[in-house]
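Here the chain labels run A, B and C in written order, and each chain numbers its own residues starting at 1.
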Amino acid sequence: MSQFVQQLVAGLGEGAIYASLALALVLIYRATHIINFAQGEMGMFSTYIAWALITHHGFGFWEAFFLTIGISFLGGAAIQQVVIRPLQRGGELTVVMATIALLVILNGLASWIWQPDEKLLQSPLSGGTWSIGDVAIPQQSVYDFLVVLGCVILLWAFFNFTKLGLAMRASAVNPAASRLLGVRVQVMLAVGWGLAAALSAVSGMLAAPAQFVFTPTFMQVYIVYAFAAAVLGGIESPVGAILGGLSLGVTINLLGTYVDFITPEMELPVALAILLIVLILRPAGLVGRVAVRRV
Amino acid sequence: MSALRISPWGVGATLAGALAIVLLPLVLGDTHEYRFAFVGCYFIAALGLQILTGYAGQISLGHSGFMMIGAYTTGILSIDHGWNPLVTLPVAGLIAGAGGFLFGFPALRLRGVYLALATFAIPIALAAFVKKYPGFTGGGSGKPMDQSLSGHEAYLRTWPIAGVLFVVAWLLLRGRLGRAFRTVRESEIAAVSSGVNLALTKTLAFGISAFFAGVGGGLFTITFGYLSPVPFDITLSILLLVGVVVGGLGSLIGVIFGALFIEYVPLYAPDILGWLEKPFGSPLDPKRAGAPAAVYGFILLLVLYLVPSGVAGLLRSALRFVDRRVKLSPTQVAPQVSSTRREA
Amino acid sequence: MPPLLELTEVHARYGQVRALHGVSLAVEEGEVVALLGANGAGKTTTLRAISGMVARDGGLRFDGKALPRTPEGSARLGITHVPEGRGILAELTVWENLTMGAYLRRDRKAVRGDLDAISDELPWLRDRRGQQAGTLSGGEQQMLALARARMSRPRLLLLDEPSLGLAPLVVREFFGLVRRLNETQGLTVLVVEQNANIALDVSSRAYLLEVGRVALSGSSDELQRHEGVRSSYLGY
């Protein structure tokens, strides 16, 4: 029983990281109907920025954390304006290819600038355990969960209680009508990419200490889980992405603990198998509704 | 997309390419012959991806996974069961093709985005299986093939097969199947209403595409002389897709430029960055890790901006330009150009 | 004093297809002007040219100044365009749709006042404030679109085929409201309509478009009596 609770908490912590990255994917998907394949690498690059700020520029963790979120926001907005916007006329395939190009570029740049060897992100969030009876709760998992929860609440408030958030939802729903109301849709898209970049920065900065050390490829596993989480949630639903991420984290952790066959290297294939089964049974994901398809 | 009609440019380019392939061993040294053997392997796999992406309009980030299936078929049959490596290639293609076909079934229920996401998982999942069953696969560290080839030998094994598969791809695409693929790409609604079986067509596109990748993977292992999961990671999938776009979506002959791009850009990336360093100056050492990838990505972005039709499209418009110059006297050129534009 | 909106020799095209071949018209402050014509005559394109939804050439002046080329820009000048299909933000609530109408306004207090006034007039807006706008009926959506347009306090309101797909009773209610707003608040309206009867009733002047050109113009009374208009567009 104590092991079960431990693994449940650990799963929620892992799942929170998947959820935040999945939420970033959903933000961009809702606004532009493309999958940003570079989302994970954006988080990876942000994590290196945070590492450099701490290691080379003497910042404390929290200063670096918030500074990195700000830098990532600006970077994401700039990517939308400079890379994505000029290609929008070329169609979906072109934009998706551009995000793949970004994936390659960011990955290359990170190895190039900071070397591909293992780095350590010192985080006050990693640490020991709380003992409640014979249950040892991993503190890091609880912190990860709380940080992501905080981000989600902030985003929810932003989209529901601010004029900018409302305008962003409007332009995602009906860009042409929103422009007629005076909304600068391209600015909204830039803000959307900025927010997605900031979210993936958070997930990167939580994932790096959770993995102990990190390299330029460390987010590739997370992005696959995040894809799975977003798809489980029906790709357009923020709530679905969060639930998808958390349930994936918990399921994988419990399976890894109780099923002998599922060794660490098998966790990803198993997750993908679960995903495929869910999609075959419920094509719109766990919480999504089946959209009317014109085929 | 006129690559399927027998256009003079297509025939000319194909003949020129074939001639070059035949003559190249006379001028290349062993090192570059060896590299060109890899170009041939990429060419075959990218042909498969071109069929899927350029013709049927489906994105796959899983083709390195299908290559891996082919590689392990060839490797295991020849190392553990004593088959002649070349004989294993059709089997490699068929098993990979079956894998692609089977993958296509659940994938059918997925719309475009989901499909691309699902394919992303193929190489990652397969690599995990390889590590899980080391007795069968050789595990993460892999195992050597019985025979290691010189550059010349590898070249002679790779390119005849590549040539045959190029013709096969061309024959497949010029017929009914090719037309069905293109209808699916242009519009799924139109495809259904014109009697194309959408499910079967998409799955078939996956299967055929994976067959090519499987043969490419098998040849890769023969050329490389070592069976290992490392070359077939997600990066190779991305590179194949990059190669297809750089070569030109929807052009079979363009794939050759994509394959050259995949093999040679990492080699020359430090030089390319070196040139940039002269005028701009750079604090970064172009020989460090990551530089080739960054160059790759930037070139891909440039292609998307400047020549969305890829190298093949660029060549085609260049030839058309020359063609017009030759046919018309200089005084006629200008008005002719503007009047055709008005009619269009 | 120049007219509020003045179009001289406006051309527009969709890709290679030319849709407007030199349209000239004017709208004075405080009047309701109707734009009539058959399908494909260029009515909708004319509105799109004004609000910058389609690329165009020629003279377009609003309040004596050249019109900007983007929808955002023309919205900032006070041109509110209710497009074909009403432009409802389907997944947003009724209240959010209304709020978005006032997106460009900075005077929060006045916005709240307008919101109150409009929902006093149409109490169902308040009753169903939390409902997703996409689930409203066609008529309700059209009334919501008009209410949202009023939230922007437009200097010029462009209406595109408001009667399309609506029951006759709803159409009458809608145009009654437009006329009242014009009479009581001096709202300036340029309305595109296929239903020439009701459009000529509510407007003071009208233009008749044929294949991308103004074929006929005059006061609405004159047009109602015009032989050709009667036989081709009014049906009696």
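Assume contacts are C-beta pairs under 8 Å (C-beta built on N, C-alpha and C of every residue); 3 or more make two chains touch, one makes a residue touch a chain.
Fair warning: this is a prediction, and the values are worked out from it, not measured in the lab.
Listed here as common contacts of chain A and chain C: no chain. Chain centres here are C-alpha means, and the one lying farthest from chain C is B.
Centrality annotation: A (chain centre taken as mean Cα position, compared with the mean over all protein Cα atoms).
Between the CA-based centres of chain A and chain C the separation comes to 43 Å, rounded to the whole angstrom.
Mean C-alpha positions place chain A and chain B at a centre distance of 31 Å.
Put simply, the C-alpha centre of chain B and that of chain C have 53 angstrom between them.
Among all residues of chain C, none touch two or more other chains.
Across the complex, chain C is touched by residues 163, 166-167, 169-170, 173-174, 176-185 of chain A. Interface of chain B with chain A (complex): residues 53, 57, 59, 61, 106, 109-114, 116-118, 120-121, 124-125, 128-129, 131-132, 188-189, 192, 198, 234, 238, 241-242, 245, 249, 284, 288-298, 300-301, 304-305, 308. Per the touch definition, chain A reaches chain B in the complex via residues 29, 34-35, 37, 83, 86-87, 90, 92-94, 96-98, 100-113, 115-116, 216, 220-221, 224, 227-228, 231, 235, 263, 265-266, 268-269, 272, 275-276, 279-280, 283, 293-295. Across the complex, chain A is touched by residues 51, 53, 70-72, 75-76, 80-81, 83, 87-92, 96, 99-101, 103-104, 148, 152 of chain C.
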